[in-house]
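Structures are listed in the sections that come next.
Shared between the two complexes below is chain A, which has chain B as its partner in the first and chain C in the second.
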Partner chain A sequence: MSIATLSVRRKLGVDLWWLPRAAILGLLAFIIFGPLLNLLLWTVAERWYFPHVLPLDYGFSVWTRVFSPRGNAMDSLQNSILVAVLTVIVSLALAIPAGYALARLKLPLRSLILLAFLIPQAFPNLPVYVNIARLFYQIGLNGTITGVVLVHAVHGLVYAVWIATAAFSAVDPELEQAARSIGAGPLRAFRDVTLPLAMPGLMASAIFVFLESLDEFTGSYFVGAPDVNMLPLLLYSAGAGGNYQIASITALLLLIPSIGFMLIVERFLKADVLSRVGH
Partner chain B sequence: MSKRLLGLLLVLPALAVIVLLFIVPLAASVVGAFEVEGGFGTGNFIKSFELYRADTVFTVLIVSLSTLLIGLFSIAIGGYLTLGENPRAVAILRWLYRWPMFIPFIVVGQILRTFLAKNGLMNNLLIGAGVITPMQATAFLDWRGIVIAFVWKQVPFVALLVAGAMASIDRGTIEAARNLGASRLRILIEIVVPQVATTLLVGLILSFVTMMSVLSVPLMINAQSPTMLTADIAFRINAYGDYGVANALGLISLVITSGVAWIYLRHTMKERA
Partner chain C sequence: MTKENFLELAEISAGYGASRVLDGIELTIAKGEFVALLGASGCGKTTLLRAIAGFVSPSAGSIRVAGRDVTRLPPDKRGMALVFQSYALWPHMTVAQNIGYGLKLKRHPRAEIARRVGEMEKLLGLDGLGDRKPAQLSGGQRQRVALGRALAIDPEILLLDEPLSNLDARIRLTVRHEIRALQKRLGITAVHVTHDREEAMVMADRIVILDAGRIAQQGTPEAVYNRPASAFVAAFMGAENRVELWGQPSSGRFEIESGPANAVCTVPLDGRPLARGFVEARFRAEAAQLLAGTARDAAPAGTLELSGRVESVSYPGGLWRHAVRVGDDVVLVDAGMAFAAGDAVKIRIPSDVLFLFNAPAASSPAPIRSRPGGEKSRSLEASEA
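Take a look at the complex of A and B:
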């Protein structure tokens, strides 16, 4: 084959290959953004019922109702963010020492310990939450922020510990040894060398825990409701009552941090850390 | 202090939280499953099988089908990101696929409940394209809705893990196979996927157990019979305060997920051996 025909074929080939490529990418874009667009329509729809293709009236009257001082969206938003931040603090305070030990120190039964943190993800947690609610009720934790944070932290620990372990294993141990050999104590070497290098991975695990807490419905439903109002609970009760406008506005409030974090997560979660998750 | 002891001390607080706030209540629910009036027995299980046999099968089928689809789509996305030859298409896909990843399940339920409904955007588009007439439009809010919701939400997470693992594979073997004339599909199946099998398995197992635990999606998309065990458990407690049958159903789903955890355990043991 001459160079001329090759270049012609390549030219044609590139043009033709864009047909299936564009079709598949377009379909994927519709599958991903179609439902999101539908949600946005619902947040500004005043009236919309079958068989009308689009809402009959648009407006922001529901928004003013949701954000009015008497509406409970602001209260739920504050509670949700407070619980998520506290959950991150509790989970990371537990996961940083645990992840360091699992990555660096020779632990007996290491893979069993790693697996133990998977337990809250590995078992259907609904009956567990029911029994926790019974237990918390006896010791006065039911319906408190502390109770909800504890429940969320248990669930977030798998992300926190597994990603922290992967992040610490991705740091070259020789750097820490070098710091030790020029006279740094073990805590100093950890604080000044290992911790900063593992920081992107730890930030990623904080993000996962934060979103896991924001996402959490079942535990909040049994332990928090009705005393602690959270956004997912508001969404659920509005949707169950057939008020799709309020449900969609609440869903949009939950979407914003999720999508914001999605856009920056790869900055924190690098391939060298990702490939070590679960090892 | 020996390194082992120090390590155990560092792990201990996190483990204690798991034990006190998960394993103890879990044990309570297992014991509760056998508690019947005036003692212990298997009454709750007999009742569970009579009332919820169909739902148990339904749950296993839905979650297995979703896991299978999640695996296939994640490999396809990760594979194209790794082996795709058109940089622009790879960049578009990389930007596109991750959007649903962090969207909370409860929001996924709400979004897809409106999207797949009778007057949702999906039916409107099918009507607009002339595929169906307005009177033929049906809601997808049954088992299909649950599978779509699970796959929509979980594929980006598994694909992110898989693509990350694929990116750290030695490019040399891929280039060598390419030079010998292997097709990209063959390279994906025979060279790339086997090397990321552990990561793929971890992602799929996390997805499987997550789906077994999600209450909001079945409640919001399909709460009528047959539905998933999580919805049944919530119903037993909210409607009857029946902790016995609820705990028995919990134990049934626990046995199902233990089967999956066993596969992971056996795989890692074999790898370490």
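Take a look at the complex of A and C:
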């Protein structure tokens, strides 16, 4: 047998081996991207009903309706982003000192404290938020941006504190001591050494909190609605009303920060930070 | 305050929880002096350095710098600079930013910082590396950046925490001399922590040997090497060979009685507080002389002669190292020529290199001469460590 025929057979073998792989990959891609494609189609569909596989008419008339002053979309987007930004600020303002203390000081109850931040997640959301709403109603926080931000911050603090703890744990305490030993006060050493080195992790936690806030529905619904409109509420009412065009366009608006998030996380989050989450 | 007691440590004790790491340390360091804290790991030397630096607060005692009590001051208010074993360079700053940070804290003008950083870079042979990040430097360069960062602020006291232990053996030898020369030139008071005896000997004006949180002995390298105050110090300074003898003092001399492996010998007492009973004799492998067992000439007066049998021979370089069984003990002896394993040999140790201490076992009625098997398993290179 000559070398040429061998190599041909090997080539063929490789080609054949790729067939099932390609099929599985294609299927996987369809499972992941199929619904997204469906969503994209809905955003530009004017008329689309059963049994048609594709929309009958394409157009952007729904977009103009969504973005018209009466469409509430811009208002909701504004609210959503404002709440998300404020939630990030509140969460980080609490998570930076808390995470630093948990990482640096050998607190005896360290893991217990970390676990305590999970408690709001351990109970079913609905009763928790109903009670918060009742409480907020009494003190006049219901239907205010402040109220919604507080509810989101409770939720976001879990991520913020856990990731901040991991980020600060990843910074060698000797780096800070080196600054102290040549004349930096405690705050200065923290600002110049520990904080910049923990920044990638803190950025990641900020992004997590931002996205969680953007997506949050139950709390926004009970505390915010109907005075404070948020994108997920709009999505919900559109979806519940069978208006798939509006629901899809809203979903697409919510998708944009998610994709941006993935890109940023990929850049910022070092593996060694992630590996310390929960330590 | 005089120049002689620039840094004073009085009755320093410290501990983590119930365990005591430092126990009543008394130490006075003169201005411009280079002191090495030497000891095995866990002896408290790093804790002592960190207590001086302000990262460990002593449970008792006081630390004074130039007459000023700094015991309760935070690290940044003590006018000291610590060079860490890990170097602890800031990875997000360049070499120049690392070195200049201390000056930035003191709000020096930018131009002056740049000038000083340039000076330090030149002094430490870091020219042209100012814009690099620490990750782009070799181990030796990082070590010098760490040193430069500490020296840039003109500290009154430079603290060095095993700064050479992460370097290659070859670089380490040159950096020793570099640091020593720099310290002399700048006239800085330096406290250097190390577990490396040779490093301490080469670099320091004075060696402070720590054992279990206490000062075992302090003195010039020569004094500590030639006149160890205790069996521990003798062993730490390389006199690892140990045999037990019986003797008694008599009018300024110490008479060693003959034993199963040694002849009668009388050595000058030299003011050593030796009592009658078992003594632990310690000597270095290179200090003893090895002769064939058939040698007929008598040992010179004051020289201890042991007889034994060669167990194994190795060649660490320069001299042949013999493991010789003397009674129940195995000792290491260097000789210019190799004896074969199994040869009967005599070991002669002149009195000036023979360190005698009353054996701690002397209090018990039946002293244990050596743990069975314990000495046997000792490797030939043991005294190299």
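By definition in this document, the second predicted complex is superposed on the first by the 258 of 279 C-alpha atoms of A that agree within 3 Å, B and C clash if a C-alpha of one lies under 4 Å from a C-alpha of the other, contacts with A are read in each partner's own complex, and residues count from 1 in each chain.
Criterion: a contact is a pair of C-beta atoms (placed from the backbone, for glycine too) under 8 Å apart; a residue touches a chain by one contact, two chains touch by 3 or more.
Everything quoted here is computed from the prediction, not taken from an experiment.
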Combined model on chain A: chain C and chain B, fit or clash: fit
Contacts of A:102 with chain B and chain C, given as first, second, both or neither: first
Partner chain in contact with A:185 - chain B first, chain C second, else both or neither: second
Chain C, chain A and chain B - angle at the middle CA centre, rounded to the nearest 10 degrees: 90
Touching partner for A:141 - first (chain B), second (chain C), both, neither: neither
Touched partner set for A:130, first chain B, second chain C, both or neither: first
Touched partner set for A:17, first chain B, second chain C, both or neither: first
First (chain B), second (chain C), both or neither touched by A:39: first
Contacts of A:174 with chain B and chain C, given as first, second, both or neither: second
Winner by number of chain A residues touched, once chain B and chain C are compared: B
First, second, both or neither for A:203, with chain B first and chain C second: neither
Shortest span in Å between Cα atoms of chain B and of chain C, once chain A is used as the common reference: 11
Residues of chain C defined as touching chain A within the complex: 53-55, 74-76, 80-82, 84, 86, 88-92, 101-102, 105-106, 149-150, 152-153, 155, 159
Interface residues, chain A side, partner chain B - complex: 14, 17, 21, 25, 28-29, 31-39, 41-42, 48-54, 94-95, 97-98, 100-102, 105-108, 111, 113, 115-132, 134-135, 150-151, 153-154, 157, 161, 211, 214-215, 217-218, 221, 232, 235-236, 239, 244, 247-248, 251, 254-255, 258-259, 261-262, 265, 269, 271-272, 274-275, 277-279
Touch list for chain B against partner chain A, complex: 3-4, 6-8, 10-11, 13-15, 17-18, 21-26, 28-29, 32, 86, 89, 92-93, 96-107, 109-115, 118-122, 124-125, 127-128, 134, 137, 152, 160-161, 164-165, 167-168, 198-199, 202, 205-206, 209-210, 212-213, 215-216, 219-220, 229-230, 233-234, 237, 243, 246-247, 249-251, 253-254, 257-258, 260-261, 265, 268, 272
Of all residues in chain A, those that touch chain C in their complex: 172, 174-175, 177-186, 188-189, 192-193, 196-197
